[in-house]
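The two complexes that follow have chain A in common; it is paired with chain B in the first and with chain C in the second.
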Partner chain A sequence: MSGGSQSSLREGREAAAVARPLRWAGLSVAGLLLGGLLACSNDPYPQADADRKVYYTALREAPRTLDPAEAYNVTAHAITGNVYDTLLEYHYLKRPYTLIPGLAEAVPEAEPQPDGGVIYRFRLREGLLFAPDPAFALGGEGRTTREVVAADVAFQLMRLADPEENSPVVDPFSNIAGFREFQQALVAAREADPELASLPPHEQYARVGGIEGVRVLGSHDLEIALSGPYPQILYWFALEFSTPVPWEAVAWYDGVTRDRFDDHPVGTGPYRLTEYDKQFRVILEANPNWYGVQNPEWKAPGAVYPSEGEPGDAEAGLLPPDVVGQPLPFIERIEFRREKESIPTFNKFLQGYYDASGIVKESFDKIVQNDRLSPEMAERGIELSKSIKPTIFYLGVNMNDELLGHPAGERGRLLRQAISHAVDEEQWIELFVNGRGIPAQSPVPPGLFGYEPEYENPARVYDPDRARKLLAEAGYPEGIDPETGKPLRINFDSYATSSAQLLQEQFIADALRAVGLDVRIDATTYNQFQGKVQDGRYQMFFWGWSADYPDPENFYFLLTCDMRRAESGGPNYTNFCDPEFDELFARMRVRDNDEERLAVMREMRELLERERPWIEIHHPETYGLTHAWLKHRKSFGISFPMTKYQDLDVAKRAELRRAWNEPITWPAWALAGVAIAVVVPGIRTFFRERQ
Partner chain B sequence: MEAHVFSNLAVVVLLALGAATVVFVRRNRLWSEALAELWRRRRFSVLVVGLYVLIALLDSIAWVGGTGANGASIEAFEARSVIDRLFAGTRESSYSAPLADHAFYGGKPLEAPGTHLLGTDILGRDVLHRTLKGARVALLIGGVTTLIAIPLALLFGVTAGYFGGRLDDAVFFVMSTLASIPGLLLLIALIMALGKGTWQVCLALGVTGWVGLSRVVRGETLKLRELDYVQAARALGVSELRIVVRHVIPNLMHLVIITFVLMFSGLVLSEAILAWLGIGVDGSWGQMIDQARDELSRVPVVWWNLTAAAAALFGLLLAVNFVGDALRDILDPRTLREDG
Partner chain C sequence: MLAYVIRRLAYGALVVLGVLLFLFVLFFTVATPDDIARRALGDKATPEMIDTWKANHGYDRPLWPWQDPSDNLLVSHYTSLLGFDFGRSDVDDAPIGQRIREGMGPSLALTVPMFVIGLGLGLLLSLFVAFFRETYIDRAGVFLCVLGMSVSILLYIIGAQVLIAQLLRWYPISGFDPDPDVVARFLILPIVVGVVSSVGSDVRFYRTVFVEESSRDYVRTARAKGAGELRVMAQHVLRNGMIPILTRVVLAIPFLFTGSLLLESFFGIPGLGSITVDAIRGNDFATLRVMVYIGALLFVLGQVLTDVSYSLADPRVRLE
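And then the complex of A and B:
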């Protein structure tokens, strides 16, 4: 480089003089950066938490609300289920699902009344405290908590009835005497007196007068009166909807000057919410006021590790002698981290930064091979747990259809039976859900009362020859409609949104075509499908149902006359209606789980074997992955966070995380080498030419 | 009318049109020279396109009954095309690899071992069969859509360009508005409104696809209407409609043909994207690719479905583009001048 003018030459010389120290500074900064790069780790959590029992899990999307009157999805329940304890709970290990007392001292017995109603008496434990919260200052200066009383449960039940809360579970709770009347009275009172609406909810409810069937007798006794038998109500007292809620919290967190109550739960559970950053993380810390911590001597069933489970639990390591009877919770903190993408989340699980995970569909075959963990995963000590969800997928027939439904009488029945024999559900499960599921024999999935593993539905045996014979009996030999001389035409109404879904429906259509029925897939969008259902212009469809609570009633009600889509807009999409079935259902619905109930359910099952409004396909199975350090975890099927029963081996976790996340440094060194090889001669040339 | 009768009639009409075109081209020196040039330059591509057309035509000729049908199945009562008949009785129960003699999972022996050149898909259907059937769907989408889009483009382009003034403003406003809506969004909205199905997809693609050609046509018409022979015709008192039909449109034909060919490949590709969104046409290559999406993550990998559909799609589009480019070089006067 040759300097042009005098001045630029001088400047150049000065620059060179300054550049010498600068150069060293630059090199040392680069060195520091490089050093920092090599020393850094990919651990997303602070070092200080490394030896604490913190359970890490991913949060896909922050729930819209944590208000126990409204929250009704899996993500919300993962938080509310830990923060709010309920009067009753589910046994951690037993299947079928069994209720145990939670905040209540015992599971109440139904007490039938002469007027046809039923009464349940709950007695709350004494000395229960709410988690510490500034809201309790409303009840007296400087207070941070108070005792849980029966009125808190009554208050929450009134909130469920309040139309402003928009609770999704008004229907089941309407079985409580006076529930609807309270709802109407509240609306009427608000209309009559606009002043009322500005008061805090508990004062409004007090003015209206409460629900007739919810009787608070003293501070710890609660009487729930139902207008008729509804044994399933107990399951609703095991859900957060009926948890005690302090009126102070609802009045305090009004969403105007402070947080909304939706974002600030105050409960009685084993954990309490201490940080709620929807974009980053949610933290639950062990609740110091929880009855299990305050009164370990009670050995309450919901506060100690259970001593018995279902057969096989002991072998599976779910009943270790040193843990049985120990006070809960073991894990001191639950940390949810916001994760938007499934594959990075799963990679963090593989690196050991999440303790448990589902299986992403994309990599299912890499993780599970021949129904077992792949050797690579097993080597890491990852465990695979399977649980069958209380869900059913089925092929439904529109029973109002002229050809296939009730109007066709015996002919339609034979046709439905033929269809039932023509679909090979085992092949279906193999092809479309990677074998993750079991063939459904009846509407009732495993884990529920009345599911009998040895029962095989004779109508669900895959037997194309039998199907052809039934077709002939129905008057369609070889599937030929004698009127037209052509194969019988049936529409399969599809609302598939993906090609993969369409393939599933194509499979069913092909199976029916193989026995001689001309099944055409009528593919529309979901909205158009709903339109067809509205007008009754549909014949066959594919549908599924997931249990709200583990009672067979929640499945059989889908086939009752009252729930018919065409009549009442209910979820009975088949429009199946059979007085005999309804009569059996009415008997089954109100019985406790005993031999007689089982006998009634068998009768219903038999009726469905004959009638076939549903052609049951499968109950899906969920596969979960856990690391070896997460101890005595049993998957639960329904969405209850059973975190308090689980434990972590923190030392093992730290060790394995280190081993799995060895920084690979050679690329950095190689890169640095290349950089030096390129930059140093360049700098030297630059300065040489300057001079 | 039954679908297959309609399809057979369409084949007859297409063949008649093809014959008429041949006669026309033979009589017309300009066109026959141009096509001779095309044949000289892109012999192979023209043959490939011809092969696809042949397969599509064979798949369009269908009739009921005849040999090869499995008696117990309803196939005997359905119209099956020539292609279907070639593959009769080759159904398996699920995946099998190309030319394998046992099932891909479970290892059970196949019904027709060693006959599946490209294997079978998840439902046991022969992949080669499905791939060949895809040709008809692709040509149908490309053809029908261009037949919707080109008249629209000509109508609007010529009216705007020839008559000008307020009419031009109005047409141009419509075109600009359509062009400013993201194409894919408009497509999805249209299909949601019209419903699923081949004709609906073609209509949606046609309605969204005419703007580009229309602009070119308008520009060209603006130029043409000032030319001497148009002025002369006008001075002689020839009616406007006659001028447009006699002098303007014939001089736009080279543009139309070039755009037709180039648009064609774009449309087939658009359908593949729609299939990805779950609103494509049944039986298309796009749908095959979409269905094969999960197959790549299977262990061991199921690659033949995706590969077959992608190769078929690629082959057609490449050949059509080669032909289109050559046609542009030959027909467009500007490039012609540069050449010679």
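And then the complex of A and C:
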């Protein structure tokens, strides 16, 4: 130590002997600055994580809730989908979408009952554990987890029925016998005994007596009795709404003495939440209690990489032999970083700091050229994936309207058909979504049973002449209303507030004006639009629907009498009601995917060709970008994260990140030089003049 | 002076009460609770769900005292905000008070250095250009200031992100880390942008003050007595120019707490500005009400502080 300081002292003396001290001082400051600049880097993550399999993704908005009874948007599902496992799951690769067993041992078969009801029997795997959490201390001191039992699923189903949870999926689960009755009994019991409401939810439910159609038969067997056939219920058991939830977590995270359950998911999934800061970051770590980790010998379908997929998957590198059958998950941590603005987020993806990304509108032309990845992006090893979303956008007509709807009879029908021929959806897709979408021919999007790619809807052919002819047949030659002698006035009720949305509506208005109609765009706020819908004061509108589950029933139900907005507050915004359609719907709803179901769907499609309550516009297509180091990722379409099937090549990532982000420091020195060159002569001139 | 401060605070209280009424009218009658509920619950929400949500959040009560004197939204709006009981967010039910306490740290970490560096640099540069008044340095300085003032802060943000973080790769484009050892890496870029975007107008303002001061008689006297130019600027001009500068500076101090909307949003800093942006985008009216209320309180506080600072900086000013 002392030797070192002596030697440096000596060197200092020698240095002082050869150069002026000022120069040394200047050089050391410059050295410090240079050192500071050389040490800088644009890497936003801790160096210690560079070699870990951490998947980085951006979180555009904070989730409202992570409570599986309520969470119903893509942002929340990106987290809850990894934290909560479900009784059933989707096969990662197969299309059409196929259900596989998850926490349940098998996908149950429907068992029709003499009374018209249907029973599904689930058997939970034995030895499943919840992720570690202090909440389990409620079940015994020192406990941090416990086994998952059938009663946990029953408890969650009761939570769905509880009006205090305000779950968005009460309707589909009301097919379970006694679901609504339990709901009413709970409300009545709370009213009769105000003290009841102060008890933890599981105790309240126990006092009310549970749901009749949810029968817990021992610790691992669960019987779900439906009051009538509803095969789609199985899809709801693949969504987090029906995941097993421990009563301890709900009682522990009560929002009064501790945080809220909405912010503390306690599940059975491959990951668990370890940090939840909505403004900064959300971290999911691999769950050590997950059944795939605890029991790799089971080789359960949801816990190993699949061995088969759809045609083309093997060629696309989605079935690599060294990965097939390997235990999941591959990625040890998922880190969501809060990013509010799309441009910085996308630029960070380009720097390699996010592993996957969508494409921002502003950069679309730079990234995609002639529908392919630009050479610059391809050179970086970035891959482009496209998938049509199970979503539809359409123009809807209020069928209660005197001019356009059911009351106008044949005239109204012809008018709707004319409108259907007047709108060019291909131009729409080109203009407004950068060509990212396909023209919709029927309510059913690709990827679902009953979608026929070769089918072209004769009523959706863009043909302005045909539209004019139909207008004339409807009694409006050249679009002129004989009563007024002026072009027929139609209101387009818009809830668009952005200029981009208004342009879209202007496009539709122009299309109808081109065939002679007079269209008035009545733009209001979304809320005022809802008010108009409630009062029935609307004619035409633009609307969309995304599938909750991959079954055509989830689209056709939007046009049934039961779902009319005006009557029941349901999502049938057109108020379309046709007994023939309803009868066909009732048949297709309960059938398995077979030829007869397809035949019924064709009949429904034909009816819609004629009736035109919807004028289908497009099914959107998502373009996703991934870096070369993100492996075996397949776009899923519906909002399931599927992160457990993906893998990262961290060595490659580190290498490319380094190559892409080497700091360039010379401009700093050049700038300092220029500044000195400008200021020093000025100062010298000044003092010379003063002297 | 105490009487004056109390009087100003009382005026301020009236302003705050007025702001609260304005907020109520805006948030409860122009945008109705239905609107808030729909935003919180999403497009697929049924009318039933919306009613339940309103009941759960207390928005189903009558608006005005004459509809129900014992239980109405107007009175609870006043009592809760004046009692600093900020309630819960409309979007995710999180306690707003806690969120504000959490956001204040990151906001201050950004705004305080920005303020101090901006003030120091502004004063230094303005003294510098005033010192060289009527030379090409002064003219070039003023030109650059006007140029800097004319450019939108968004351009500075995106420009800095592209130039410094993407092309030169010195600092991360955006992000944050509460770890004190590394937090500076994330703050340098937004601080530079914040300082650069505001330094133009500051320098131009301070320079005007200093140039005007330096043509006063006492400055000429000081020079005639042989005081050096540096001493004249630093001791005489700077001190006497403080009053107009204080007006600008002290008024800004309370707003350091509310953060910066655009900088925090673009650089991913989890401060109060960021929370406000979230509230605006998510129609979180409960949070917005609180943020506007806090803004009004800070504004009143800033004005009183400015007045007090006058009398401290200049003994001739007496607050009666």
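Following the convention adopted for this analysis, the second predicted complex is superposed on the first by the 603 of 691 C-alpha atoms of A that agree within 3 Å, B and C clash if a C-alpha of one lies under 4 Å from a C-alpha of the other, contacts with A are read in each partner's own complex, and residues count from 1 in each chain.
The rule is simple: a residue touches a chain if its C-beta (ideal position, glycine included) is under 8 Å from a C-beta of that chain, and two chains touch if they have at least 3 such contacts.
Predicted model, so just to flag it, every value in this text is computed and none were measured.
Student: Name the contact category of A:Arg513: first (chain B only), second (chain C only), both, or neither.
Tutor: Touch status of A:Arg513: first partner only.
Student: Counting only touches as set out at the top, which of chain B and chain C does A:Ala496 meet: first, second, both, neither?
Tutor: first
Student: Have a look and say if chain B or chain C is in touch with more residues of chain A.
Tutor: Result: the larger residue contact count on chain A belongs to C.
Student: Taking the superposition as given, does A:Glu478 touch the first partner, chain B, the second, chain C, both, or neither?
Tutor: Only chain B is touched by A:Glu478; chain C is not.
Student: Of the partners chain B and chain C, which touch A:Gln184 in the superposed model: first, second, both, neither?
Tutor: A:Gln184 sits against neither chain B nor chain C.
Student: Under the stated touch criterion, which partner chain does A:Thr525 make contact with: chain B (first), chain C (second), both, or neither?
Tutor: The answer is both, since A:Thr525 touches chain B and chain C.
Student: For A:Asn347, is the partner it touches chain B (first), chain C (second), both, or none of the two (neither)?
Tutor: second
Student: With both complexes superposed on chain A, which partner does A:Tyr72 reach: first (chain B), second (chain C), both or neither?
Tutor: Touch partner of A:Tyr72: chain C, not chain B.
Student: State which residues of chain A lie in both footprints, the one left by chain B and the one left by chain C.
Tutor: 525
Student: What does chain B use to touch chain A in their complex?
Tutor: 72-74, 77-78, 93-94, 105, 122-123, 192, 195-196, 275, 278, 280, 282, 287, 290-291, 293-294, 297-299
Student: So in the complex, the part of chain A that touches chain C is made up of which residues?
Tutor: 37, 40-44, 46, 61-65, 72-73, 163-164, 166, 168, 171, 255, 260, 262-263, 277-280, 337-341, 343-345, 347-348, 350-351, 353, 525-527, 530-531, 534, 569-571, 661-665, 667-668, 679, 682, 685-686, 690
Student: For chain A, which residues count as touching chain B in their complex?
Tutor: Against chain B, the touching part of chain A is residues 361-366, 369, 427, 430-431, 468, 478-479, 486-487, 496-500, 502-503, 506-507, 510, 513-518, 523-525, 528.
Student: Okay, in this complex, where on chain C does chain A touch?
Tutor: 31-32, 34-35, 38, 40-42, 44-49, 52-53, 56, 91-94, 102-103, 132, 135-137, 158, 161-162, 165-178, 182, 185-186, 229, 265-268, 270-271, 274-275, 277-278, 281-282
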